[in-house]
Structure formats: structure tokens, C-alpha cells
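Next up: the structures, one after another.
Here come two complexes built around subunit A, the first alongside subunit B, the second alongside subunit C.
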Partner chain A sequence: MKEKLSELKETVARLLKDRTVDFFIAYQAGHSQVEPIPFFLTTAEHVENLFLNNFCAHNLSKYLLDYLAGDEVVGVLAKGCDLRALKRLLTDHRVERGRVFVVGLPCIGIYDRKKVQEVYPAGLVEVVEEGEEVILRGETGDKRVPRKEYLLPRCLTCPDHNPEFYDLLLGEKVANGPLAEEDYSDVRALEEWAPGERRRYWTRQFERCLRCYACRNVCPACNCRVCCFDVAEPRWLGKGTSLDEQEMFHFTRAMHVAGRCTGCGECERVCPVNIPLMKLNKKLAKDIGALFHVPQAEIPTEVEPLGQFRLGDPDEFN
Partner chain B sequence: MCWCGSNIASTVDLDRVQKAVEKLTNVVHVEQNKYTCSEPGQAQIVAGIREHNLDRVVVAACSPRMHEKTFQRTVAKAGLNPYLLEIANIREHCSWVHTSVEEATPKAIDLLRAAVAKVIRNTPLTTSTIPVEKRALVIGGGIAGIQAALDIADAGHQVVLVEKEPTIGGRMAQLDKTFPTLDCSACILTPKMVDAAQHPKIRLLTYAEIEEVGGYIGNFEVTIRKKARSVNEDVCTGCGICWSKCPSKAPNEFDCGLGERKAIYIPFPQAVPNKPVIDRENCRYFTKGKCGVCKKVCPAGAVDFEQEDELLRERFGAIVVATGYELFDHSVYGEYGYGKYPDVITGLEFERLINASGPTGGKLKRPSDGKIPKTVVFVKCVGSRDEAKGFPYCSRTCCMYTAKQAILLREKMPEAEAYVFYMDVRTPGKGYEEFYTRATEEFGVNYLRGRVARIYPKGDQLVVRGEDTLVGAQVEIEADLVVLATAMVARRDAAELAQRIGFSYDQYHFFTEAHPKLRPVETNTAGVFLAGACQGPKDIPDTVAQASAAAVKVAMLFSRDELETNPMVATVDEGTCSGCEWCKPTCPYGAIDIKTIEERVGKRTVSRRVATVNTGLCQGCGACTVACRSGAMNLKGFTNEQILAEVEAICL
Partner chain C sequence: MTKVLPQGKLKDFLKDTMDKYSLVAPVREDGVVVLKPTADPEAVVTDYLNTVTSPKDFFFPQTERMFRFQKTEGKIRVEETTWQGKRVIFGVRPCDLGSLELIDRVFQEGEYEETYYLARRENTTVVGLACSSPGPTCFCTTFGITPGSPEGADLMLYPDGEGFVVEVLTEKGEALAQQTETLLEDQDVDLAEVKGRFEGLKVPLGDHLSVDGVAAKLDGMFEHPVWAELSPRCLGCGICTYLCPTCHCFGMTDEVRGDQGVRLRCWDSCQFSDFTRMAGGHNPRPTKKERVRQRFMHKLNYYVHRFGRYLCTGCGRCLEKCPVGLTMVHVIEKVNDSGTREVAVNE
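For the complex of A and B:
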């Protein structure tokens, strides 16, 4: 990934100079190697601050929602998963294709900051890939670990290492590794628990919620102009923190993205208190796959499994 | 609060409810009546509103389906907007489903608390009006469709009668004589067919089908496909030279395939219109490219091989669906030979075989070798009342037509024997029991109670083996002909048609009426009515009665120049709407569209897409309001705020 940085700099500089784009969204260095942050460039002079490594997890296309009212063309860097998020925004008619310039970024996996930090709480210098292993190179020496164990969960079942479409691709396409089918083993395990046990498990999770709404803010499927959690009237949710309200928040959030979730797992990644939101999302995806024969990898689709009145629907409509 | 006699009062302690409700905020006045829907009960409401200067009313009584309209009119009499009324259903939802006063009473209090919370948030709603196109579309030209069309036309309105076959008449035209009077079917039907054809207000479109239906009550927009007849109806005189000279033959559907017709044909001599059609699949000109005999002999020059399907776009105010029924395919019954023995026939085939205009000229000859049968066995309930292989319902007509057919057999051929295997004999109609008695007593038809276990060939005969449960013995009858009273089932394209028009059908694909007792001819889609066997198996008297009832409903609708619209429709809060279009495909009535609005953002004017609801099409089902995540879709009269208030009143 890092090796593409110079090409990225050249590309962004050129796009900004020849006014192909009015500004560009990519990454810049954060507090440490493992925490790159979004970077919004308006002039070519800023390209020197661009940053790229295997921790660039952020889905940048969600920021496009901030530029709806206007006519600027926004350039955005997108990996395969980010592109599916962008597709979500396009399918939901939230973003106009003509106003986005997609620079595609082939990617073979992003590392999970939290897992790496368990090994290297601070002082990581870089990650060197060596086949199925990685060397975590730090200030205090190297650690050789199996690559798969340190990837983000979404990368393990990534259906597309290359973005499905783009206006320009950085470097060459990479070969898609053997695709690990989503096996829903974690969901299945939960399903087998007794209801009381499950209830206790989720209570423990939801109790921790801070209602910071980070999960919603990062989610590409949560793209409403006005979010139901933000309106005063009708008061769907109380503002205070209580288990009831937290539960209501989580159920509502899960149902609002049911059949629309792209499976990127950003919500779970950004949650400051590690609530396993993807277990809820995946349970719904699994059921939708079984009931409507729309697998997660095909979402967003043209015909939304939960968003249509179908005459042949097995249930009555009265 | 209504006692409903003792319906509510015996299970709900209304005095206790009254005490609890009187304490609720916003509640000014509470009273009880024995029957609130009675005149004195309603007068009490009007007096209460005036005396206490009330601006909202809750009636705790039966389901709003029963009396909501009544009480809306009552509050309107006292000067309130009718939508400032709420019903708390303490009968169907409470007293009728509980036996214990201790359980029912607190629940009634909850229901009232919810209704009070909602009514406070009710806003006055007003109806608007839409013009009514006073033209009716009748789909299906059987006796049901013909009767409905004639009645609507006689009431003075234009009717278009669309029939998919080349002629009108339907199944009734195929019947020989009809129970319980044994008058000849054609003799009573053909005059009606001619009336329909000649009525100045009726336009017949035969050999035509419904392609598309849009719009709503009072304003349906329908596309009709008039299939290519290959004969110019305007110039054809129906002289018949063409079909007498045509060299290609095909099985005649009208005779259930027992006889033949030509490739250019009219289905039967009294067909209306008396204009032939070319069956292109069996026509030499169309299959092989040469022939054209009909075109050469036609003195009027009516044959037109180039004719194409025509699409007609028409506007109607109401639709009557009268598409009839089909017969159950008995080939699933292995024990009856999977439909492979030619001398095991259906009742309808029997009708054709004894009919003078049928393939045998009215001489009952069996299909296999043309022999005159001496012993005929009738088997009832084939596919009816049989959940395993057929349908659980009763087809209602078979008991009677089997008795009829046995009588006709014995009348025509007194030397022939008639046996009937039956489960029950159901004769709930005027003169029906007497008719059945005549079959057994006067005509000596042998009724054997029991199911037929097997039918198998023996020599040139068929052995029918079954059980006579009354005697408790196995019986075997060597028969020359077996007639199966196969179930009446929905047309195979029934579901598709219902979907195209947009109303519902049951699990057997019979069309569903809006209420099984009180609205038997309406569908749940306003402006669409039902007539005849498409709604469920029925005989001719019931079919005609329902057809006339549907016609009255149409005439009622057309007696007004304008219709009041339902004010409880969905509305879009454009400020909140994301324009994501999620609601659009969830609307079963196609009522939602997307439009572009302009708005000021900072110093610029930008355009943005939002949903918009066609209030004429919206039926207020609420599907879109739950589909919309941000709550931009709201249903008037059932807003998110109102429903949330109800939930909170019960839960918090």
C-alpha cells in the first residue's frame, strides 16, 4: 500500500491542478502509524501531507454526504469495501455519480489497529508483509505473526480486493485471494444459546453503550438527511442513558440497516466500548439471505430484499 | 363508554374504568350507555359535546370497523371535525377475548388511556373530491359479466365488456339443461347474450385481455389488448362460408376437445359476436404459408391475415371482475386412472355429450368407441373436500348438477342405470332438496354413500370399486361411462389478474371479498367489484344475484359526480425526506413518485429530490411510513406521533 503513495500524490496533484476535481478526500498521518486520519485537500500544494499504509481503514465516501448541496466534483480514494459503501450511497440516491471522481485502490487487507496494539501498544514503525506472515517492526524490535490473525474481520471475507468501478485505478489490480465464504459461525453459536443466556449477553453489551452515535456516523447505510435519533418530535428515543433506551437504539439501528448493510464492519471498528454490532448485523444478513435469497455480498442490489412490495410475496397483504 | 347490552358490561367493570379514566389529564367528562350506537346514545354524545364544550371525543365500544362512521357523523352533528373522534375497542379487543373481569377491566383502562393519548394529537382532517368517470369495465363475459353489464347499462351508464374468448357466454353456454328447473341453458342464456351485444350502452370486446390497470376509483386507466382475430369484424357478416371451406381442423375447446372445429371458427352456433376468428397455431396459412382458402371465399373480404394485436387505452370509473372458474384437473388421482381412461369424463364433458349442439348431436355416446352406455357411474367430490389431493372446500354445485345429469340420463335413456357415489348430498337452495328427491324417487337414481377407491378397466368396461358405508360393504360396479364431478377451481391466471388490477385473492386464488358477510361483492380495492364464480364456487342463481349486486354498487358510485377522497393518506415531510426512494417500491398501489424541489442553501438555490404521494392512489395502508427510516412519511390520522403516544400510554 505504502509504495503507492508517490503515485497517489502525483495523481491527486494532477486532478486538483487540471480541475478534474474541486477537492479530494484521502488520508493523512494520525497520532501513530496505526491511526491514519481523513485528509481533505483543496490545493495541489497539500499533497505532500498525504499518507497511505495498511491501517487506512476509514471509509471516506461517507464524507460525500457533507457536500450534497453544491456542484463541486469531489475526488475520493476507495478500496473495494469503500466502493460498496459508495454504491450504497448511490443506490440510495444520496450521491450523484457525476459529482464523484473515484480513485480506486486495490487492497489485500487492512490491519486491525486494536489487535496490533495488543502486541505493540506504542512504537510500531511499520508492518512488512511476507506471504502469509507479517513482521510487526517496532522501536523495540520485530515480531513475526500470522497475517490473517491481524486483519480486520471484514478483510477475511472480502469479496473484492479491487473496487468494482472507478475513474482511475492506482497501480495494478491485485488477484483476489481464495474467498472465505461468510460462514456466520459466530451468529450460529449465539443462536444456539438459551434465550435467557442470550439476553444476559446482549444486556452486558448494550449496558456499555455511551450513545456517542459513532457507529451511526460511520455507517454508509445510515445516510438519512435527518436521523430519527436526532429529532425532538416524535421522540422515538429519550436522551438519557438507560438500558431501555440503549437497547431501543441498537435494535432500531440494526433494523434500519437490515438488508442494506454492506458488511464493512466500520460500526464495530469505531465503537469505543467494543460492542459487537456486527453480530446483530450479520444475524439479519444471514436471515435475509435465507429468506429472500440475497447474499450479503450482493448488497446493495437493485431490488432491495426488504424494500419492495412484491405481488408474489408469500405473506398476505391486506 | 358502551355496555353493548351485556357484551361489554358483563366482562368489563365499567364503573371502575370510569373512575380511572376520569382522572386522566384532558378528560373532562365520562358517561356510560347501554347502547351508544342507539339514537339516545348518540344524542347523549351530542349533548355532552355541547354541554361541556368538548373538542375531542373517545367512544369506548366495539371495533371501529363497526361504528366509526356512525360516531364520526355523530360528532359532526355537534359541530366537531369527524376525525377528532377516536374509538377504544373494548369489545373485540377486550370483553370478547377475556372471561375474567379482573383481567378485562385493567386492559379496558389501558385501551382508553391509549385512545385518550391519541385523540389529543388528532387534527381536523378534510376530504377533497375527485371527479368520477362514469364508464364501467366488466372483465369476463360469462353469465356473471353479462348480467352485470346489462344492469349497469340499464342504469344508464356506458359499459365495456371484455372477454378473452372469441365469444361471450362462459361456462353456462356449455351446459345442457340447468338445475333445479331443467330449462335449457342456451334458451335462457342466448337472449341475454344478444341483449348484451345489442345494448346501445354496451361495447363488447371479445378475444381481448386486460394488459395493464392504473389509476384509482373513479379514474382507472386500463390498457386492453384486442388480440388479432384475423377477421375484420366490421365487414364480416357471419355467413359461415369460411369455416365450412377451411381445410384445417383442431379440437374444439368449447366441446372440451371431444369434437372438432376448423382453424377459422366460431366456438358454437349461437356465439356472440357471430364473427369467426383464426386460430393461427392451427391455420395452414400461418403455419405453412399457403392456403388462404377463407380469404378467397369470403364474399365480404373480411379475412385479414395481416391484422395485429391492438392496444386500447380506456378510462373507467369502476371495474367488475367476473372471470369465472375452471375445473380441477383430476389427473392427480391415480386411483381414477390419472385421466388416462377415455371413458372417465368430467361433468362438463358430460354436459357437452348430451347437448344437442354438442359433438355427438345430443346422443350420449362414450368417447372411446362411440357405444351407447348402459351403466353410468357418477363420482362426486373429485378434488373438492379433499385436502390431500385437491382442495378442502366444497364446490357447491356438484351435488346438484350430478343429480341433474343423472336425471337427464334416465330421462333420455330410461334403460340406462345411474349410480352416484357421494359423501353427502348438499341441497341448500330453493327447490334443491325437492329436485334431489325427484332424482332418487322419480328417476330411480341409485345413490351410494362412500368414496370410490379405484377405477380400472375390464374388457371394454370400467370397474368402479368403492365402499357403500351405509350398508358397510364393498361394491363393484361395471360401468360403461364414469362421470367425475371435478372441483370448481380458480382460473389459472386469476392471481395474475388480481395482481395486475391490485386486489387480493385467497390461498386457492379465488378473489377475496372485502367482508365475507357484509361486503360480499366489493374487493378491498375501492371501485373494484366481484361477480360470479371467480369469487368462489357458485351456481347460476347465486352468480346472477351477485352480478346484479355488483352492478348496483357501480350504479351507486356513478350516481355521484364527484367522490370524496379518504383524508387518511400518507404525506411527506419534505424537509426530512432524503429522496432515497425506499418507500416508492414498497407502496402496493404505486402511489409514490419522486419529484425535484428547489431550496435555498446559504446563498445558492439547489435542487433536491423528495418523495411525493398521489392522494388519489394512496389507500392509507401505511406501508411507506414504516419503510421510511427517518419518519419523513407520515399517515394522516395515524401519525408517528399519535402511535407513539398510544404506545407510551400503554407501556409507560
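For the complex of A and C:
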């Protein structure tokens, strides 16, 4: 991916210079190779600090919600998954297409920082891809590992190596097709547990929750003007932390994004205490897929499975 | 002679501790090491850089039930809640030991003493654990703490060969050493030499990051463009403040059901959009810019003016966990690098 950096620099500099965009959101280097961070460029000079590698995980389109009030045109770099998130915001009528300039970024997978750091706690110099394998080059030597095992979970089943739409594409399109079928195997495994065992599992997860709301804040489907959890009156959720309140938060969050979750897994990626939020989201996606005959529950569509009603609905809602 | 706890007797040490104290210790759970109450010595681990959550949780809990109240026949009956017990927190790293001393001053100095916090402090014995190999996110030395600093501990353990060299620092530490005395061996070990070895360990990030003059420089940087530059990427979540061992902001709330209720004191985060939002709807920190500025000004300037020290101990949790790298190190570097135009204007 980093081979596209010079093209990205040229592109962003041009867009900023000719005022196609008022500012541009991409990535800059972070504390280490495995932690690129979001970067807001306001002038062409900033492009020197642009950064790109296969750890650029953040979905940048969520930031568009911070600029609803103005009339700026915002440039944003978007991978296939990020574009699905943008589509979520467009479908929910939260963002105007005309105020976003999308630079599409073909992507064959983003590495999971946590997994790589287990192999190289410090001093990762670069990641070199060689077909199905990847060489993690660190200060203490190289390690050759199967590529698939070090990717973010979302990348394994990703159907969109190329963004579905864009105003400009960076480089050439790449071969499409998921590396693995989404078979909801982790959800099925949980479904087979005894209820008590499942209860203990989720209790342990929710008791660890800090209620920091990072999962909500990165989620492209969590795009309400005012979140019910931030309302003081009426107080939907107690300020105090307890298993009850934590469950209330997580079930409300999961149910609210049910049918609208794009499967990006950002919630799980940013959770500081490793709560497996995607297991909840995927359970709902799987059930919605089965109950409403939606083949790809995680792809936003104008007609949402849970966002419509039919006069002939067989369920009487009683 | 110096007391040494052999590695093989660590579990027994924890077991003996539990005869008299409740135990809070690092436990590995679903891939993260958290500090939590445990009754199982087998679950306690010592192979962590640091725990994800910090010891502040057990002195200044996320939710403090201060008192209950009930209305009966026109009168309100208030029932205060007090914390009771004897507790040991095991395995606290030097950075986190230092953080307790910083929070102590907030709740102890000045006109009012914070009795809920102090009750927990008085009844908790803190067992520190020196760091054998500081990690890439550690920068304790920036703030004058070393991988071997015991300040803040009642009893300190220095990993050494096949065991832990023990240093008793306070009366509470002495009491714990007595409680576990059958497990501690007197050995011919030079405590000062062992300590010196830990104090001299390299902390790559901290050794190169200087905070000298940052507080004074920030006096003139309230309106500096750096805040508008840093803040857009903030997610507005509470990861940094909730994992930080020194952050201590809170809000009060009454939870009322019918004619009874409870007053809670809960953590709050300056990064949340409703932090300091007034009843009438006015918010003095309406955007991320003001909120991010508040976080770093509090740690690197306001606290320094009040207590003479920086409100950070270089634990590195914000480096490890902030999803967008809005970290103490990044901000200190930014302040060090930024122009001094505003300082000149203000002077």
C-alpha cells in the first residue's frame, strides 16, 4: 500500500491547491509503524507528512459527522470497508454526497496491530508481502508468517477490496474476492454453548467494560444527532457502572445498529479491554439475514430490513 | 540480610495474604491483564508490562455510592455508606505507585479531606512490583520515576533471579511482611545494589523525552493553534482518561426510584461532549478543541501550578490504547516544538 504514497501526496496536494476540497482526511505516522493515525490536512504543504501502510485501519469517514454544520467540501481517503461506512452515513441521510470528495484506496487487507505486536512487541521496521505470506521485519530479525493469520478479522471476509464508488481512485483496482466465506462460525460456536455458560461468558465481558464509549464513537452506524446515552434528562442509562447498566448499554448499542452494522469491526478494534463486540453484531446480522432473507446483511441498502414497514406484514405486533 | 520471596512461594504469599486481606491483583482475562479482586492465587500473573486498568479504580472507584436517602412522612433519612475492609493490591508498577501519590494530594490537601478516598487508602496495602524490562510505550523517567522507584508502595518486590527481593517501606508493609513471614527468606542480598540495578534500567522513550519548561510554556499557549491542529482526530471517547492512573474528574448524580435513592459519584471524562455541560445547556467546552486542551492543560499546567508536579507518570497507557495516537508523548513533543510567539505576547 505504501507504494501508493507518492501518488496520494500528489493527488491531495492538487485537490487542496485547486480548492476541490477544503481539507482532506488521511493518515500520518503515529508512535510506531503499526499505529498510523488520522491526519487532517488543510494546506498542500501538509502532504509531506502523509503516511500509508497496511496498518491504516481507521475508518476516516466517521469524522464527516464533525463537519455537518459547515459548507466545506471534505476530502477523505477510503478503503472498501470505509466506503461501506460512508454509504451507511449517506443512506442514513447524515452526510451529503456533494460535500464529500472520495479518494478510493484499493486494499488487500489491513494487519491487526495486536497480533503483529505479539510477534514483535517492539521494533517492527516493515511488513513485506509475498503472496500468501508476509515477512514481519523487526529490529531483531525477520519472521515469515501466513498473511491471513495476521489480518484484521474484517479483512478475511471483505467483499470490497476496491471501494464501490469514488471520485478518484488511487492506483489500479486489485483482484477482488474475500479470502474466506462469512460463515458466522464464531457466532455458531457461541450458540451451541449452554445458556449458563454463555451467560458467564458475557458477564465477564460486560463487567470489564469501562463505558468509555469508544465503540460507539467509532461506529459509522452510531450516527444519531444526540446519542441517548448522552442525554441527562430523561436518563436512559445510569451514570453509575454496574453489570445491569453495562448490559443495558451493550444491548441497546447492538440492537440500535442491528441491520445497519457494516461489519467493519472498528468497535472491537478500539475496545481497550477486548470485549468481542463483533460477536454480538454478527449474531444480529446472521439472524436478520435468516429472518428477512437478506443475503448480505452488512451492506447498506436504501431499503433496510428493520427500517421499513409493510401493510401486509404477517406480524401483528401484539 | 534482606528478605527474599522465592518465585515458587509467590502463590503461598498470596494465599497467606488472603487470610487477612481481600486481594486485588493482575489477572489475565480474554487477552488483557486487568487489576481485579480475586480469590484465586493461581489466576494471578506477573508477566505483564502493565495492567490495562490502573490501581486508581480501587481508591477512587468508577462509581462511588456515597449515601442512600429515603423520604418518609415528609422527612428525609440519609444513610451514609462507608467502605470497610483490609485490602492488598498486588503487583503495582512504579509509574502507578507514583500516580497514587499524585491523586492523594487532590483528595487530601486543602480545606476538605475526601473521606471515601482516604478510607480506602488507609485500609489498603500496596505491593509494588519493579519493572525488569520497560516497554516501548513506557516513559516514567520523563517524570523522575524509574523502573525501580518504590515511592507509593508499602512493600516493594524486585524480581531477581528465582524470586523477589523484598523492601518494606511502611508500617502497613511491615504488617503484610509479618503476615507472610514464614515465606520470606533472609538472604545475603544487597538491597541497595538490587534497587540500583532497576533504577538504572534504560527507558528508551522516557530517557529522550524532556518535560522541562513545558508547564511554563503552556502558560502562554491557551489560544495556541496547536489545539485546533491536534483535536480533530480525537474520537471523544473516554479511553485515555479512564485508563489514566492520574485522571480524577468526577460528576455527582442522584438515582431516584420513587421516594428513595442513592447519590453516586462517578468518573467523568473531559473528553466527553457532556463534560461540564450546564443545566441550562451552555457548555464552556463546546468542541473537541476545548476538551483536548483541557486534558493536557490539566496535566501539564493547572496541576503543576497547584501542586508543583506534573499530573502524569509516564505509564504509557494512552500510547498503548488511544486509537488515534492523541498521547501525552505526542503533545509534549508538540509543545516542545511549537513556536513561542504566544509566550512572548503574554509576557
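Criterion: the second predicted complex is superposed on the first by the 310 of 318 C-alpha atoms of A that agree within 3 Å, B and C clash if a C-alpha of one lies under 4 Å from a C-alpha of the other, contacts with A are read in each partner's own complex, and residues count from 1 in each chain.
We adopt the following convention: a contact is a pair of C-beta atoms (placed from the backbone, for glycine too) under 8 Å apart; a residue touches a chain by one contact, two chains touch by 3 or more.
For clarity, every value in this text was computed on a predicted model and none was experimentally measured.
For the composite obtained by superposing both complexes on subunit A, the positions of subunit B and subunit C are free of clash and fit together. In the superposed pair of complexes, A:Gly196 makes contact with neither subunit B nor subunit C. Once the two complexes are overlaid on the shared chain, A:Ala69 sits against subunit B while remaining clear of subunit C. In the superposition on chain A, contact is made by A:Ala122 with subunit C only, not with subunit B.
Look at A:Gly30: by the touch rule set out above, it reaches subunit C but stays clear of subunit B. Ranked by how many residues of subunit A each touches, subunit B and subunit C are led by C.
Once the two complexes are laid over each other on the shared chain, residue contacts for A:Gln308 go to subunit B alone; subunit C is not touched. In the superposed three-chain arrangement, the CA centre of subunit A forms the vertex of an angle with the CA centres of subunit B and subunit C, and that angle is 120 degrees when rounded to a multiple of 10. In the superposition on chain A, contact is made by A:Cys224 with subunit B only, not with subunit C. For the pair subunit B and subunit C, the least inter-chain C-alpha distance in the overlaid model is 5 Å.
Residues common to the contacts of subunit A with subunit B and with subunit C across the two structures: 235.
Across the complex, subunit B meets subunit A through its residues 499, 504, 524, 575-582, 585-588, 601-602, 604, 606, 608-609, 623, 627, 629-632, 639-641, 644.
Within the complex formed with subunit B, the subunit A residues making contact are 68-70, 92-94, 223-228, 231, 233-236, 256, 303-304, 307-309, 311, 316-318.
Within the complex formed with subunit C, the residues of subunit A that make contact are 30-32, 35, 37-40, 58, 63, 66, 114, 121-123, 204-205, 208, 210-214, 216-218, 230, 232, 235, 238-242, 269-270, 272-276.
Subunit C contributes residues 29-32, 34, 52-53, 62-63, 65, 135-137, 229, 232-233, 235-239, 242-243, 251, 253, 255, 264, 266, 269, 272-274, 277, 288, 319, 321, 323-327, 329-330 to its touches with subunit A in the complex.
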